[in-house]
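Note that the chains are named A, B, C, D, E and F in the order they appear, and that numbering of residues resets to 1 at the start of each chain.
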Amino acid sequence: DFTQALHECKKSQSLGVEEDDLKNDISGGLIDYGDGYKKIKQGSCFISMIAISIVMRLLTMQDLVRQVKESKATPLLSVLLCGPKGTGKTAIAANLALESDFPFVKRISPVKFVGMSEMQKTQAIASIFDSAYKTPLSVIILDDLERLLEYVPVGPRFSNHILQALMVLINRIPPKPARVLIVATCSSARVLRDLNLADVFNVRVQVPELSKAQEVEKVLTNEDLGLKISTGEMKKIAESCPLPISIKQLLLVLEMTRVACKGAITAEEFTRRVEATGVAGGVK
Amino acid sequence: DFTQALHECKKSQSLGVEEDDLKNDISGGLIDYGDGYKKIKQGSCFISMIAISIVMRLLTMQDLVRQVKESKATPLLSVLLCGPKGTGKTAIAANLALESDFPFVKRISPVKFVGMSEMQKTQAIASIFDSAYKTPLSVIILDDLERLLEYVPVGPRFSNHILQALMVLINRIPPKPARVLIVATCSSARVLRDLNLADVFNVRVQVPELSKAQEVEKVLTNEDLGLKISTGEMKKIAESCPLPISIKQLLLVLEMTRVACKGAITAEEFTRRVEATGVAGGVK
Amino acid sequence: DFTQALHECKKSQSLGVEEDDLKNDISGGLIDYGDGYKKIKQGSCFISMIAISIVMRLLTMQDLVRQVKESKATPLLSVLLCGPKGTGKTAIAANLALESDFPFVKRISPVKFVGMSEMQKTQAIASIFDSAYKTPLSVIILDDLERLLEYVPVGPRFSNHILQALMVLINRIPPKPARVLIVATCSSARVLRDLNLADVFNVRVQVPELSKAQEVEKVLTNEDLGLKISTGEMKKIAESCPLPISIKQLLLVLEMTRVACKGAITAEEFTRRVEATGVAGGVK
Amino acid sequence: DFTQALHECKKSQSLGVEEDDLKNDISGGLIDYGDGYKKIKQGSCFISMIAISIVMRLLTMQDLVRQVKESKATPLLSVLLCGPKGTGKTAIAANLALESDFPFVKRISPVKFVGMSEMQKTQAIASIFDSAYKTPLSVIILDDLERLLEYVPVGPRFSNHILQALMVLINRIPPKPARVLIVATCSSARVLRDLNLADVFNVRVQVPELSKAQEVEKVLTNEDLGLKISTGEMKKIAESCPLPISIKQLLLVLEMTRVACKGAITAEEFTRRVEATGVAGGVK
Amino acid sequence: DFTQALHECKKSQSLGVEEDDLKNDISGGLIDYGDGYKKIKQGSCFISMIAISIVMRLLTMQDLVRQVKESKATPLLSVLLCGPKGTGKTAIAANLALESDFPFVKRISPVKFVGMSEMQKTQAIASIFDSAYKTPLSVIILDDLERLLEYVPVGPRFSNHILQALMVLINRIPPKPARVLIVATCSSARVLRDLNLADVFNVRVQVPELSKAQEVEKVLTNEDLGLKISTGEMKKIAESCPLPISIKQLLLVLEMTRVACKGAITAEEFTRRVEATGVAGGVK
Amino acid sequence: DFTQALHECKKSQSLGVEEDDLKNDISGGLIDYGDGYKKIKQGSCFISMIAISIVMRLLTMQDLVRQVKESKATPLLSVLLCGPKGTGKTAIAANLALESDFPFVKRISPVKFVGMSEMQKTQAIASIFDSAYKTPLSVIILDDLERLLEYVPVGPRFSNHILQALMVLINRIPPKPARVLIVATCSSARVLRDLNLADVFNVRVQVPELSKAQEVEKVLTNEDLGLKISTGEMKKIAESCPLPISIKQLLLVLEMTRVACKGAITAEEFTRRVEATGVAGGVK
C-alpha cells in the first residue's frame, strides 16, 4: 500500500534529499519579527512569520504539504513565492521542503547551471522531474525563476526554450502513483507579467519586506543574533532605519555594525553602514 | 470495402489509440453543471455541458465525428476548442476522441516534447500525421497550441518552424482513402490573433468559464464529488465564490477545502482556500 | 524544329506532369455560380467564373498559355492569383495547368516541404526550375506563397532565403529554347505588400468571394452537387447566408447540412451549421 | 608596355568575357524612343536614349570607359545605374560592357547565386574581383544590387556580410597595373538610402520611365518591332497608355497584343492587355 | 583552525595572487588631491581620496576586507565601484586587493578575453570562482563590467550568457569554509540600469571626477609627479582647466605638456594640449 | 638600453613595416590648399594642411609621435581621425606612420578582411596587436572603423564581437617595454555616437572638407597636378564648384576634365563632369 511504499522508498532511496544543501539556506535560523508571530515548532526546526497575513498563508503552505500527502485527487500542487529581493523566499522554500518529510526533495537552482547552454539546462531540469515521477512523494524547488529563465528586463531577453519546458513541467500531472509539490521563488514581478507565469501556478504567495519600525525592533531583540545593544540605541536604530528593508539586508547591516563596534552597537555606526551599503539613495 | 477495411484496421492496428493516456485527462469524470445539461451516455463515459449554447456546439461536435465517418466529400475536418485556462478543453477533446470509436487516435501534447528542438518537434508531429494518413479514420488532438508553438506574448516569440508545419498539416487533405478529424485546444486568444491561426480551422468552438452562482451550486451538488455540505453553507459558497471561475480551479479549491475540513465543508474554509490560491486579487 | 521537339519531349519525358495530384485539387469539379458564367469546355474539364470582370481575366489566362506557346519574344510569363482564403485559387491554377497541355507541369506546394529547413526548401525549388529549363514548355505552380515563404504577420517573420530565391527565379528568363509559365497563388494581401512581391509578376489576377445571394443560389441549384432542396428553402438559405463567403466554405457547410438532414435540406439546419463553423461572429 | 600587355591579355585570356550572356540581355535590340535620341553606332551595336539629359549622361558613360582606359590617375571608377523596374538598367550596363572592348568583362548576377549562403556569395564575388585585378582592364557589372544584397524592405532585412564586402570591394583601388570599371544597377531607392550605398559610387546615373505619349508613339513606330498598326490606332494607344510606364512593360504588352490580334493591332485589345497585366490599379 | 589553514594556504598556494599584474594598474602611484585626504600607509602602498565623502566610503572598503576576514556570518561581500571613465576605479580595486593580504587574488579583466566566444568567457569566469572556493579567503576583481558583458548602448546589445552567469556567481554564497570579497568596476550607469546590475551587489560606491580648481592644484603640487612649474602658471592652469575632469585625463595632459615644454610647464602649452586631446568640445 | 634595442629591432625585424602599401595611399602626393599651409618637409615626404586650426592639430600629431617615443609615462596613445568621406584621413594616417620612423608599422584595413567571419577578423586584429607588443615602438592604423565594424546605419547593425575586441585593445596598456601609437580613421559620426567610440581615444582630430573657393583655387594652381588652365577659367571653376567638396572628389573631377579636354581645361567641361558624377543633386 501507499504508506508502506512511501516508508521503504524513504529509507533506501533517500539519495534524492539534499538536506545539507537546503539547511545552508537557513543556516542562521529564521527570526521571528512580526506581530502575528506564531512559533510552529516542527521537529528541530521552526518557521517565523512576518505578519498575520503571512501566517495565514504559511498555514496554507503546511496545508499544501498535507494536501499532496493525503488526497489522491490532487497529485500535483504548484506554489509561487513572490516578493522583493532578500525577503526570505529561498529560506521559506527550503524550510518547507525540509519539514515536508517527503522522500524526494530537490532544489533546481541556477548555481548548478552556470555556463550551461539552454539545451543542457532544460535537460537537467527535465531529468529531475523524471526522477520525481519515480518516487511516491516529492518536493521540487525552482529557486530564482528569473535566473533559471536567464531573464533580463531590457529587451526583454530570456530563454524561451527553458520557459516552455518549465511551463509544461509545472502543469504536468505526474503519472500514477507519484505526487509532486512544486515550490518556485521569484523576485521580479515583471518576469511574471511578461512571461504570463503567475497563471501557471495553483497557489500564489506574496512575501513582503519589513515595513514598520516595530518589526525592525523585533529583529534587534532576537536572542539568536545575540546583539549587544542598549535599549536607547535600539529605539534610535529602529526609527532611523530606512523602510521598507528586506530581512536579508537588515541582517547584513547589523552583522557589519557588530563587527565594526568592538563593544556595544551604536545607532551612529549602524547608520554609517546603511549609507555605505548604498541602501538609501545608492548609485543612480 | 471501406467499412470492412475500417473494422480490420481497428483490430490489428489499434496501436494508434492511447485510451489510457486520454482517460487520464478526464479521470475525475465530467460534471454536469449547466442549465442545459444533457446527459449523453455513450459507453462508460458521459459529457456534461456548461450552457445551452454549448450544448448546441457539442451536438455539432458529435456531428463532426459522424460527418468524417459518413461523407466522402469531407475527408478532413478541423475543430478549434478555445477558451480560458481550466475550462475543460483538454477533457472535452479527450472525451470526443474516446467516443469517436476511430481506429487511430493520437494526442500531440507538449508534455512529450519537453527539451526537444524545433526541428525534432516538427518531425515528431509530421510523422504522427503520416501514420494517420495510413489509417481509414483518425482523430488527432493538438493539445495546448500555445505550448506546442512555444508561444510567449512578450515579443512575441514562438517557433515559426512548428507553426508553418502545423498550418500546412491542418489544411492538408489526406490522400485517399484516409479521413482525419483534427481537434486543437488553445487557451490564449492572442496566440490565435497574432498567428492568424483561427482561420486555419473549419470549425471553431468557444469553451466558457462558470459565470453564475447557479452553476457553482450545480457543481457542489454533484454526486460524484461526494461532498459533505449543508444547504446553508452551499448557498453561501455559491454566492461568495469569485466569478467567473474555471471548472478546474473550482474543483481544486473544493478538494482542498474537503481535505482541510475533517467534517462538513464550511463556507469560511472555502473562502480561505480561494484567497490562499490567489484567485481573487493574486500576485500583481 | 520546336513543335517536333515539343512533341517528342511530351511523350518520353512526361514524368514532369503530375496530373493525378492536380486533379485532386478540383476533384469536386468547378461550379458555375456567376452572372457572367461562360462554360469553356476543354477536354473533360470546364471552368466557371464568378463575375464578368473575372471572365475577362480568365480569358486573359487562356491567352497567357497561348502567348508562351506561340511567341518567341515572351519566353517567360508570371501570373499571380490573389484573393481571400477558399476562393478557388489553387483549383483555378490546377485547372489551367491541366488544360495547358504543356509537357512539364509541376506544382511547388508547401505540403511537400513540411519540416524541411530553409536551405533544403530553396534547393528543392531551384531544382524544379532547373528541370523546367530543360523542357521546351513548362508550367510551374507556386501554391500558397505565404506558406512557401513561412510568412507570419506578427514581426513579420518569413524566410528571406526562400524569398530571395523565388524573386530571382520568377524573374529569370529561361535559357533558350525553354519557355515557362509561372502561376502563383496567395491569400494574404499583406504578404504581397510587405515583401514587395506583386511587382515581381507580369500579370496579376484578383479572385473574389461570393458576395450576392444570387450567386449562392446559383451554387445551390448546381446539378453536380445533387442537393435535395425545395425552392422555398433555397430562397431562405440564399438570403440568410452570411456574405461574403468563399466558395470552399459554402460547399463545406452545404455538405455538412446534407449529411445531417437525412431528407431534404432545410434552411434551419443550414443556419445551424453556419453558426457551428464559427463563420458569423466566430472566436474573437 | 601597357597597350601591348593589354592586347596580349585580350587574345589569350579572353575567358573572362561573357559576350553571349550579355547579348542575351539586349537580345531585342535597344529602341530609340526619345526626343534627344542620338544614334551612336559603335561596332554592330547602338544605344538609344530616353531624353536629352540622359544623352549627356550616357555620353559621360562612354567617357568613363575612356577615362579608365587612358588615365593612370583613375585606376578605379564606379558607376551606379538607378531607376524604376524595367527601365533598361541591365540592358544599358550590358551594352556598355560589350562596347568597352575590355579583356575582362564579368557580370555578377543574383541568378548565379540562388540557394547559396551569404558566405558562399561573398566568396564568389570576391574571387571575381580578384580575377579582375590580374587583368589590365576590366568591367564588372553588379546587376540588381537589391537581390545581391538579399534586401527586403520590411525590417529591413539584408545580408550585412555581402553588403560590407561589396562596399569594400567597390572602393578598393586595384593593385597596379590593373584598372577596373564597376557598373552597378539598382531599382530600389530605399536600398540606396537605407544602406548608404549611393555615396560609395563615383558616378550616379538616373534611368527614367517613359512619361510622355510622344515617347510611347516613338516606340510604336520603331521598325525593329515590325508592328502592323494603323496611324489612328497608334494615336489612340499612345494617348490611352497609362503613364509613366517602363520600356520593358510597354514592350511586353505590345507583344501580347500582337499575338492576340491576328491582323493589325487595335487600341481596344491593347487596353485590355494593359488591364489584364494589372498595370493600372492592380492588386491592392 | 581557520587562521592556521589560511597561513599555510598563503605560503604554498599563492599562485592565485597576481601582484605584478595588479601593481601595473597603479604603477604611477596614487596621488592625494582632495581636501579630505587621509594618508593610510599600509605596507609600501598608500591610498589617497578625492573628497571627505569618499574617505568615509573607502574606510568602509577597508572595513569590508576586515568583515570578510573576521565574521563567519558574512562569507560573501560584493562591492560595486561605479563612476565616469578614468576616475581611478581600477586603481582603487587593485590597491584594495593588494592590501587585503588574502591568499587568493584574481582580476577578471576583458583584456584576457579578447576574441573568445561567450561560452568560453563564461567558463573562464566560472573556473576562477571555483578556484576561489577552494581557498579560505579570496578577492575577485571584475574589472570593467561593461566590457566583460560586451555591452553596447545601441540596441542595447550584450552577452546575456555572461550576464546570467555573473549575476549567479556574484550572489552565490561560497561553500564552507571559503570566504570571498568581490570588487567590480563599471563606468556606465546605463549598463547598471539596463541590466538591473546595481541591486546584485551588497555595497555600492560612487567614484567621482575632479570638480574643483582646488583639486587640480593639489595634483599639480604633488611631489611624485615632479613637475617644474611656477606658482603663477600653476594658478592659471588650475583656473583654466575644464571641469569636471578625470584624474587619468588630467595626468595624461600634464605628462604631454611636460614632454613638450623642455623647461618649465606653461599654462599656454597646457591649454593647447587640453584642446588637442579634444576634451573641451571634441568630435560631435 | 631602450634606444639601442629600438635600433636593432628596426634593422632585423622590420618586417612589420608596410611602406609600399602605405605609400600607395598617398601616391599622388599631398597638395597644399589652405591659408595656413605649412610645408613640413620630413625626409622625402611632406604634409599639407587645410586650415590653421588643423595645422595646430597636425602639429599635435607630430608631438604624439614624439610623446610615445620619449616619455615612459605614456606607453599608449590613441588618436581618432574623423571627417566626411574623401577628406584625406587615410592619407594623413599613412603619412604619419611613414614619418614616425617606428620599427613596427601596420595598417589594419577592411580590404584584407573581405569575406572573413567576425571571429576570424577579431583574431586577425588581436594578433597584430600581439606582434606590436613584442616591438619597442609601434604604429597601428585602424583604417575605416565603420567597415572594420561592419556597421550599417539601418538597425543599426554591426559586429559587436569586433567592436568589443577593438575597445579593449585600443585601451590596453602594452606590457613593458612596448609602446604603441594607435591611429584610427572614421567617416561616420553616427558610428562614433551609436557605439560610444569617441570616448575610447585619447586624442580626437576633425578633418574637414574644402569649403572656400579660395581653397579650390589653391588646388588648381598646385604644380604637382600640372594642369593646363587659363587664369580666367580657373576663377570660373573656383567660383562655380559646389561647396563643400572633399579633396578626393575634387581631384577626381579635375582628372576627368583633364582627360576629356585634349587642350586646356575649360570651366564648362568641369561643370559637366561635376554634374555627371552626381555631386550636385545626385540620386535621391
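Here is the rule we go by: a contact is a pair of C-beta atoms (placed from the backbone, for glycine too) under 8 Å apart; a residue touches a chain by one contact, two chains touch by 3 or more.
Just so you know, these numbers come straight off a predicted model, no measurement behind them.
Think of each touching pair as a link: the shortest run of links from chain B to chain F has 3 of them. The most distant chain from chain C is E, comparing centres defined as mean Cα coordinates. A rotation of 60 degrees, rounded to the nearest 5, superposes the Cα atoms of chain A on chain E.
A straight line joining the Cα centres of chain A and chain B is 35 Å long. Distance between chain A and chain D, defined via averaged C-alpha coordinates, is recorded as 70 Å. The centroid of the Cα atoms in chain D and the matching centroid in chain E are 60 Å apart. For chain B, the set of residues that touch two or more other chains is empty. If the chains shown are joined wherever they touch, the resulting network closes on itself as one ring, and no chain has more or fewer than two partners.
In the cyclic arrangement of chains, the order starting from chain A and heading towards chain B is A, B, C, D, F, E.
Only residues 56-57, 60, 63, 66-67, 70-71, 73-74, 80, 82, 119, 122-123, 126, 156, 160-161, 163-165, 167-169, 172-173, 189, 192, 194-196, 198-199, 202-206 of chain D touch chain F when the two sit together in their complex.
Residue ranges of chain A in contact with chain E, taken from their complex: 24, 28, 85, 110-111, 113-115, 117, 147, 150, 152-154, 157, 252, 255-256, 258-260, 272-273, 276-278, 282-284.
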